[in-house]
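Note that subunit A is present in both complexes that follow, paired respectively with subunit B and with subunit C.
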Partner chain A sequence: MKSSIPHIASNTFREAVRDRVLYNLIAFALLLSGAAILVGQISIEIEKLVVINLGLTAVSLFGVVIAIFIGIGLVSKEIEKRTLYTVLSRPVRRWEFIVGKFFGLAGTLTVNTFFMAIGVFAALFYVSHRFVRADALIFVALYFIILEFLIVCSLSLLFSSFSSPLLSAVFAFSLFVIGSFSADLRNFAAMAHGVSRWLATGAAYLVPNFSAFNVITSIAHEQPVAGQLILQNTLYALFYAAMALSGAVLIFEYRDLK
Partner chain B sequence: MPSIEILGLEKTYQVGFWRKRPKQALRPLHLQVEDGEIFGFLGPNGAGKTTTLKLLMGLIFPTSGSARILGREWTDPAVKAQIGFLPEQPYFYDYLTAHELLEYYGQLSGVPGKHRRHRIEQVLHQVGLRDVQGVHLRKFSKGMLQRVGIAQAILHDPKLVFFDEPMSGLDPMGRREVRDLMEQLKREGKTVFFSTHILSDAEALCDRVAIIHKGEVLRAGAVDDLTSSVRGKVEVIWQGAQIPASIKALGAECHVTADKVRAILDEKHQDAVIDALRRERLRLVSVTPVRTSLETYFVEKLRHAETTAGSMAGGV
Partner chain C sequence: MNHRRKITVIAATTLLLSLAASSFLLHRVDQLRPQATLDEVLFLSSPAVIKRASLGYDGLMACIYWTRAVQYFGYRHHYHAASYNLLAPLLEITTRLDPHLIIAYEFGASFLSPQPPQGAGEPQRAVELMQYGIQQNPDNWRLYYDLGFVYYMDLRDYKKAAEIFQHGSQLPHAHPFLKILAAQMAQHAGEYDTARMLWSATYENTEDKQIKENAIEHLRALRVDEDVQHLQQAVTRFGERTGRLPENTAELAAAEHLPGIPLDPDGHPYKLTPEGRVEVRAPDDFPFATMGLPPGYTSRPALRDYH
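Moving on to the complex of A and B:
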């Protein structure tokens, strides 16, 4: 039996495009061009720093918001609207549906990131009038942002597989915020004692470690990223996303579609 | 080999937020649908028809029991390549056109690429959807969506088709077309299992039916067998407006319409009525045995079930 994953993924991508999700690119382009013109007028020698910081942070935030708001509806909306009935009554396994949805959303975000990246480079060229070798580091930051999206997508899908869209959004966004401060949480765990230490350590390792993916500031200062960190983050993101997806599959496999 | 064998499928939901309590949606259901027949699954709203179909489609899981479809376990993914399903009041991805939707479903059902385009055109034509190229489903009427639903159910040329309330939302013309389509599917050797509460459709189409009420099958059998059980009356029609006294005396129930009289009476008085008409020189138009309609049988069966349940509850 052929896998249904590519078909489900491409339909998910098509849905996002037709639901005008990529329109966020217009807002992004406006934000970035406005910022580039503004910093070009007011800042001295730090235009590039501001554009890279602002641009990459916007890429990350726009993507996370899209990942959460599409991800939370991927399963629940299909159940609510009963579009799932005509899909699962075909030779499609439930896990294929979840994995297909994941790849569809991940694909949407990657394409979105690609266009935003063009915007970042365009703004950078506008303020500095040339590219230097260190600008290639931006690709590493973008790669980390995409890895971050994989985790957010899988978490949104996990919550969507058992919870309402509103609660899923709250859970996913909370985890994103906590995960972004996971370095602080780990520091706190190291300093705490007794039960608090155990609890804080458990929480620190359970929430996604998004702080490890944030290299925007160091890249803006043209500091290189260690190859080991790239490898670690890749393995971590793949493992975390796989775990969250497995959870989503496990819940969805046994769920009654009322 | 039967197309469907339902072996005691049962579904109980846990309802309530804090204090969960069981609610039985389907009592252990035993049913067999033969290969190549049109089988009607009849029942009022909330009887358990959709629950049964969802169980068979693997959308919900049974509390107990099992089923075999086309000779295999109903959970076997290979079974799903050979069945088609139209859910009740179907809703589809409204950002797609009918062609795109069928293309997607064709891919999921494993219809080979080179046949898909041709097959899509064929089924759209079959369900009476023409000139819909480029129109998104969000612009479709309810009846058009129902036709798309039927098209996607037969797209992959399944051996067995499940329709949940297929006539819902269709105008009389559309209902007629769906009836014709079901008959055509039967002629092609396919088995059709459809749920409905429109009994005239079931009576016109079905080889056999099952009546379900409150999650329990009350009766299953051939339509003729169910409706013949209350025979014993004849309908006699003659020309004119005159009703002879001897016919009235037989206890006939007479209705005068324009230039004809229609009388319904016991079968045993048939000859006496004909003799009386001869004597009075009235022209006989027809004598027809009265068959109870499926609707009458259905209503009586449901009333009986309600009365029995009521008296049992009263006894307790």
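Moving on to the complex of A and C:
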């Protein structure tokens, strides 16, 4: 039997485009071009740094916001509109629906990131008038940002599979913030004793480690990223997203949709 | 005009008028309530808290704080403020957020170190900033150059400056002039030639337009200081020889066999006051000059609020 995942993914992508998600690109372009022009006038010698830092931070934050706000509605909206019943009445399994939604959202964010990356490089060319070899490192940062999106998408879907959109947004955003402090969480765990140490360590490993994906500052200073980090971050993001997605599939599989 | 069109015209007109009115009123409110506290408040002063709050986007936050430091310094410097209380904390936050933001150390030291109104008059904090920079970027010879510069120019600790230049000269890829500076410092500390060499090196080793302009201003001021010192010595000699003061610089030039009437870097002749003091004609054109200025001269009126 042919899998329905590609169909659901492409529908999710089309729906996101119809919802004018890609309009954020306009805000991004304005932000970046404004910063590129303005910073040269109000600061000293950081035009390139600002374009890289601001550009990549905006790619990351815009993407995370899109991932959360689209992701939390992917399941609940289908239930609300009752389109889910039509989909599931066809030969589509519940897990295929969840996985298809995940790939659709991830695809939307990848396309969005691709256009934003063009904007970052255009702004970089505007301020530097040329590209240097070290600018290629920006691709590594963009790749890490996409890995980050995979995790956020999977978490949004996980929460969306059992909770209301509002609560899902709160959970997903909170996890994003906590995930940015995961290194601190591990340090706290190391300082604790007994049961609390085990609990804190467990919590530290359970929350996603978003700080591992943030190489924006070092890349802005043209510091190379180790190949091992790229490999291990890739595997970490894939396993973590798979874990959250499996949780979403498990919950959705047993969810009473009547 | 149909109903819908009428509504469109009225709504669009109201929108534009309201926008214009609100902008005008905001301008009036700003005039009534000057930026009393905003410039002087650092709502979050802990670099650690700001780093945490940046959620990992600390590079962008560092750029924002650096821009804020530049704006803070530039505004107060423009009005010849007597104090720069927030400058050191702003630079500390910037460099803690991004320890590799070299420009913040380089410029930060040159903002912090000189005496007001040229700078914050905090050379010791400039040294601390540079030491942190060196700790974080131990292979960057420019930081050693800037630290030695602070010791030489503002702390007048020539021995320490020579040590720092020597240390920096041993780093890989260090510019050869650091070695020359170290040697020069040890032999001729405090001389105009050494200061000229430092500013010339600063001029040649930057691509930044503002740093170059700053170096040129200092070189011009050095020439004024040196000229005035020499001319003042000539006036003293003239007085000792003739028992009176020269009438003008032309008489002084003739008596001292100078090649012509002494001119400042802008080509204006130096002025000789009836009391025998040599002065520049346009002191505002030489903001860093320490000699040849009229007694009690302050370059531009300072803002009363900024002390």
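List of remarks:
Everything below uses one rule, namely that the second predicted complex is superposed on the first by the 257 of 258 C-alpha atoms of A that agree within 3 Å, B and C clash if a C-alpha of one lies under 4 Å from a C-alpha of the other, contacts with A are read in each partner's own complex, and residues count from 1 in each chain.
Just so it is clear, a contact is a pair of C-beta atoms (placed from the backbone, for glycine too) under 8 Å apart; a residue touches a chain by one contact, two chains touch by 3 or more.
Keep in mind it's a predicted model, so treat the numbers as computed, not measured.
Contact with subunit B, but none with subunit C, is seen for A:86 once the two complexes are overlaid on the shared chain. Using the contact criterion defined above for the overlaid structures, shared-chain residue A:217 touches subunit C, although it does not reach subunit B.
Contacts of A:7 after superposition: subunit B is touched, whereas subunit C is not reached. Residues 13, 54, 57-61, 77-78, 80-81, 83, 85, 87, 89-93, 95-96, 104-105, 107-110, 149, 152, 156, 162 of subunit B touch subunit A in their complex.
Only residues 39, 42-46, 49-50, 52-54, 57, 60-61, 177, 180-181, 184, 210-211, 214, 216-218, 220-221, 223 of subunit A touch subunit C when the two sit together in their complex. Chain contact summary for the complex, subunit C toward subunit A: residues 52, 55-60, 62-63, 66-67, 70-71, 98, 100-101, 103, 107, 208, 210. Of all residues in subunit A, only 1-2, 4, 7-8, 11, 14-15, 18-19, 81-93, 254, 256-258 touch subunit B in the complex they form.
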